[in-house]
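What follows is a pair of complexes built around subunit A, which joins subunit B in one and subunit C in the other.
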Partner chain A sequence: MVTEVERWKTEVYGAEIREQLETFAAAGWASIPADERDAWFERFKWWGLYHQRAGQESYFMLRIGTPNGVLAPGQTALLAEIADTYARGPVSNPTFGDAYLDWTTRQSVQLHWIRLEDVPAIFERLEAAGLSAQQACGDSWRNIVGCPVAGKDRHEYVDALPVAEGLHATYKGNEAHANLPRKWKVSVTGCREGCGQGDINDLAFEPAYVERGGERVRGFNLRVGGGLARNAPRFATDIDVFVTPEEAIAVGGAISALFRDHGDREDRYSARIKFLMDEWGPERFRRVLQRDYVDWELQPAGTDFRAEYSYNAGDADGGHNDHVGVHPQRDGRYYVGLNVLVGRMGAADAAELARLADRYGSGEVRITQRQNVIITDVPEDALDGLLAAPLLEHYAPDPHPFMRGSIACTGTEFCSLSIVETKNRQVRYARWLKEHVTLPDGVDEFHIHLSGCTASCAQPQIADVSLRGMKTRKDGEAVEALDIGLGGGLGAEPQFATWVRQRVPVDEVPGAIRNLLAGYDAHSREGETFRAFVSRTDEETLASLLEPEETSYTDPMMHNTKLTWYPYAADDALAASPAPAHADGSPIEGDD
Partner chain B sequence: MGTPVRILDDGAWLSVDGTRRVSVSELWRLDSPGFCGCDLVSFLTRGFTAAAADGSVITLTAVGTCIACGAAGTIAHIPVGRLVGGRFAPLDRQGGPLTPPDRAPGNTGRCR
Partner chain C sequence: MTDRLLRVNAYTTCDLVEAEAVGPDGTETAPAVLNVRVPRRAPKHVHLELELDGTALEWLPPHADRLLLSAVEARTVADALRDCADELTPVE
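And then the complex of A and B:
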């Protein structure tokens, strides 16, 4: 029997949701019949709207997909304006204030505290500028990711940007692919360094070549079934298929159609294509794809560059782990990657980012999968001016490793699934570590990813230190805690982190990381990377090095932040929530 | 038609009659001796996989972890509230103990 979500999707889904959404917006949030809210909130995700958690009813997170993370000139300024105008809640965030936007690990943008009544005006402004929230969430093609400097990078083997844009143009709003069994995450990369993180996507296009008639033909090898969520992480599986850039659009749709027809619609927890790949294996998958979904003969996989992959490899030689810093483009200009700690940027800062991109670059801004931003197309003689801009003191192109390596998901501030507070906590962790911990000689990059739950939106399993939300008891009280994993990363030999310590109280985590790094410094071999050290050290020894310890670090959010209506409110009790609220912020009476 | 009882947002909520009533990330005390060796399970709920109305009793099947011993797995049919006059009346989940049926189908536990 299909799930209730599938039944709702059968009734109304895809583009047709928009008309009803606008009707509700015109009449106000309270006009949604109480017995239809569950269904409509599920459907609204297709248009990028996610109802915020308990205590925040009537407010939405709005996600805007930006294919390959590319923001064209003018779009960053618009996003800043929209955040400033509409993304304002009843209470400020103590670290980030009011009106901010989040750059995400899927190269998208998220705004919070959005009122349904404002959505039509927001959509009108976004769409007039070539942006959209369509399919940013929901069971369909999500934002397509890739190397954030596609089309500009010196390391690019094949230009992937036209393929990413072609897939986006073909399958966003395509009725045949609008209702899939579950989310559909695609990565397209032409870069030789592995920056697209294809291994953790449902479908990955990775650069490769074949020899035909004495000619070398450039294109992509395909991998299927990667993903991190639900305690079931998988690296995408090689299905032994090579496609040219011209074939890529069609084969992307063919695999999406296969997923549409064969994915599990009876159990959402087994619906992602990784579970179909578990069941079928790559040979059967390829056979069904060839037989039922493409009308040309699939070519075997070509020669790839995976042995060269250095991105997030931890032990790379000559590669890079992110796009922060000043780097030459192949056209002689430069891109300047700026570190955005945990991906959150105030609206005023985003407006200034847009101004700097206009002034010193082409106006284009790109979003990376490490929650950072890039100003592209900067002529050499403009670099000094850009690097002297005050904004870069905070969003640095040369940040401290602990600031540079930090990623955090949304957390209990807004998210329904998260178990712990994340973004503000990761800011506190990074600042404390920067002040109190010295990295061993030779370690200038170190990734710490904090995810509030097993959904793994912060991609914790592919970090040097993986932090995942938990709870424990301390001095008899239930407190927020983290499981800690070590040694994850991508590169030529991708590896998920090993979970070494469970249920460490959040105030003892910085001390544990300090002790771990001291142990690494003391016991590692000459020139041995952290990842290599973790790999050769047994779990018991790692656990002993990762000794939790109270330090000067203090954590103001030890309590159960999920039981608050907003963890940073002066009166954070659920009963004190001003939600649900009318468009002017006044509470809607009598609605529980 | 009965009162709608369902899981929302991919396991984040129990919704009863269109209102979100129970959230993941709560810590429950369970009398579920088959799950782990603890006298009472201190069960951190990490995801809901099924909801049901058994007469007037609302039950959840939840994936979670005992934060005392680290056992992780699924416990089925945990009673979390009742329908009284069509409205949801919660049980004391933190204080409990809640008592799911022993050895219910689908239960798994793994001590570590």
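And then the complex of A and C:
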């Protein structure tokens, strides 16, 4: 028996959702029949719209997918304008104000407080500029990720950008691939540093080569079945296939079709392709792919560069661990990676980012998988001018490690799954740690990822310190808490975090991290990375080093923020919610 | 330690309950996650799931228990929970 979601998808899905969406938008949010809302909200995801959580009815999150994180000249300014015009809610965020946008871990853009009535106008403006929210969410090809400096990086082995763009052009809006059993996350990387994070994607193209007739042929090895969610993290499995860039588009569709036909449509929690890989194993997977989905003989995997991977590897001595900072491109110009703490940027700042990109670069901006942005194509003689811009005081190319290493998901501010506040909390954490904790000598990069629940949107399992939302009781009161894991990361030897403590009250987490780092400093060997230290230290010792402690850090969001309508409202009780609201913000009467 | 076995999000029935595991040689006390759900694939049972926090356990290995309740059993349990809850004072 198929799931309810599958039934809804059978009735209406894919491109045809758009027409009804526009009809509802014209008539107003309240025109969606109450008993059809769940179905329509599920379908709207295919067009990038997530209905916000309880207490925020009639408001949506809008996700705009930007393949490989590339924003062409003019697109960043447009996103800033749209955020400024439409992403305004009834209450300000105390840290970020009104009208902001989020750069995401899948190199996309998210706006909040979007009203359905405004969606047609937003879509029109996006599409006129070559942007789209199509398939940014839902059960199909999500935004394709990759090394954010593809085509520009000096370390690139094969240019992955045409492949990412080709996959995007071929399979977005392709009816045969529009309705998959679950989300479909693809990574395409051509660099030697592992920047695509292919290990945690459903399908990964990673640089490799084979020898043919004495010639070295460049292309990609394939891995399938990575992902972090559902308490079942998996690194993608090598399926022993090499493809040339020319074959990559076809094989991407072939594997998507295999997933479409064989993925589990009866249980959404077992639907991701990682569970099919669990069931089949790579040999059977490859056999079925060869037999039923490609019409050429698949070549065995070539020689890869995984031993050189440095991205999110926790090893400061290697290549790039992220893309922050000033780096030479292969054409002699430079790219400048700016740190955006937890990925959130005000609309005015985003407009200034666009202006700086126009003035000092080519106008292009790129989004990274660490929620940061890059201004590309900066000539050497323009670097000083860009680096002196006031915007870079806040979005620094040389940030403190605690600012640089912070990632956070959306959290209870808007998300219906999260059980704790996240983005503002990670900002508070980073600022407190910067002021009060000294990192051991030689440690200049340290990743802390905060996720609000086990869905793992902040990729907590691949951080030095993994934080994930829970509850505990403190002084008799239920308070927000975090499970804490240690030692996760990617690189040559990817590993998931070891979970060391559970339910640490949120106000004691900074103290725990301070104590942990002091212990690492005291007990680590000369030159030993944090990950290596965690790896050789037993869990009991790690737990004792990670001693929770109250400090000067105070947390204003200790209470159960998931029970509020909006955590930062003066009266945050669900009963005080102004939602649902008409397009002008006035409450819709009689709809609860 | 391995990860939690039960997913925990805003739809989890109780993300924090007090729990005890009773063995022949003693009792373990730990915070726990309690969840009630119906599987999406051809449901035949109500699943009542319990996982004590792994880090709080001394001798019990981390695990989750799952009761597979028929509709009648689930209603019996629900009725018993209501009746017993009414006996607590003050009534919440």
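One rule holds for everything that comes next: the second predicted complex is superposed on the first by the 591 of 592 C-alpha atoms of A that agree within 3 Å, B and C clash if a C-alpha of one lies under 4 Å from a C-alpha of the other, contacts with A are read in each partner's own complex, and residues count from 1 in each chain.
Going forward, a residue touches a chain if its C-beta (ideal position, glycine included) is under 8 Å from a C-beta of that chain, and two chains touch if they have at least 3 such contacts.
Everything numeric here is computed off the predicted structure, so don't read it as measured data.
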Return fit or clash for subunit B versus subunit C, each positioned on subunit A through the superposition. clash
Is A:Q502 contacted by the first partner subunit B, the second partner subunit C, both or neither? both
For A:E266, select first, second, both or neither according to whether it touches subunit B, subunit C, the two together, or no partner. second
Considering only the touch criterion stated at the top, classify A:A34 as touching first (subunit B), second (subunit C), both, or neither. first
Touch check for A:C453: first (subunit B), second (subunit C), both, or neither? both
Which partner does A:E539 contact after superposing on A: first (subunit B), second (subunit C), both, neither? second
Taking the superposition on A as described, I'd like to know which of subunit B and subunit C A:P233 touches: first, second, both or neither. second
Once the shared chain is lined up, is A:E42 touching subunit B (first), subunit C (second), both, or neither of them? first
Touching A:T472 in the superposition: subunit B (first), subunit C (second), both, neither? both
Going by the contact definition given at the top, which residues of subunit A touch subunit B in one complex and subunit C in the other? 4, 53, 230, 268-269, 412, 416-419, 453-454, 469-473, 478, 502-503, 562
Which stretch or stretches of subunit B touch subunit A in the complex? 4, 6, 8-13, 15, 17-20, 23-27, 42, 44, 46-47, 49, 65, 67-68, 70, 112
Listed in rising order, the residues of subunit A that touch subunit B in the complex are 4, 34-38, 41-42, 51, 53-54, 57, 230, 268-269, 412, 416-420, 453-454, 469-473, 478, 481, 502-503, 560, 562-563, 592
In the complex, subunit C residues that touch subunit A: 1-12, 15-16, 31, 39-42, 53-56
Enumerate the contact residues on subunit A facing subunit C in the complex. 1, 3-4, 53, 230-231, 233, 266-270, 412, 416-419, 453-455, 461, 469-473, 478, 483, 485, 496, 498-503, 539, 543, 562
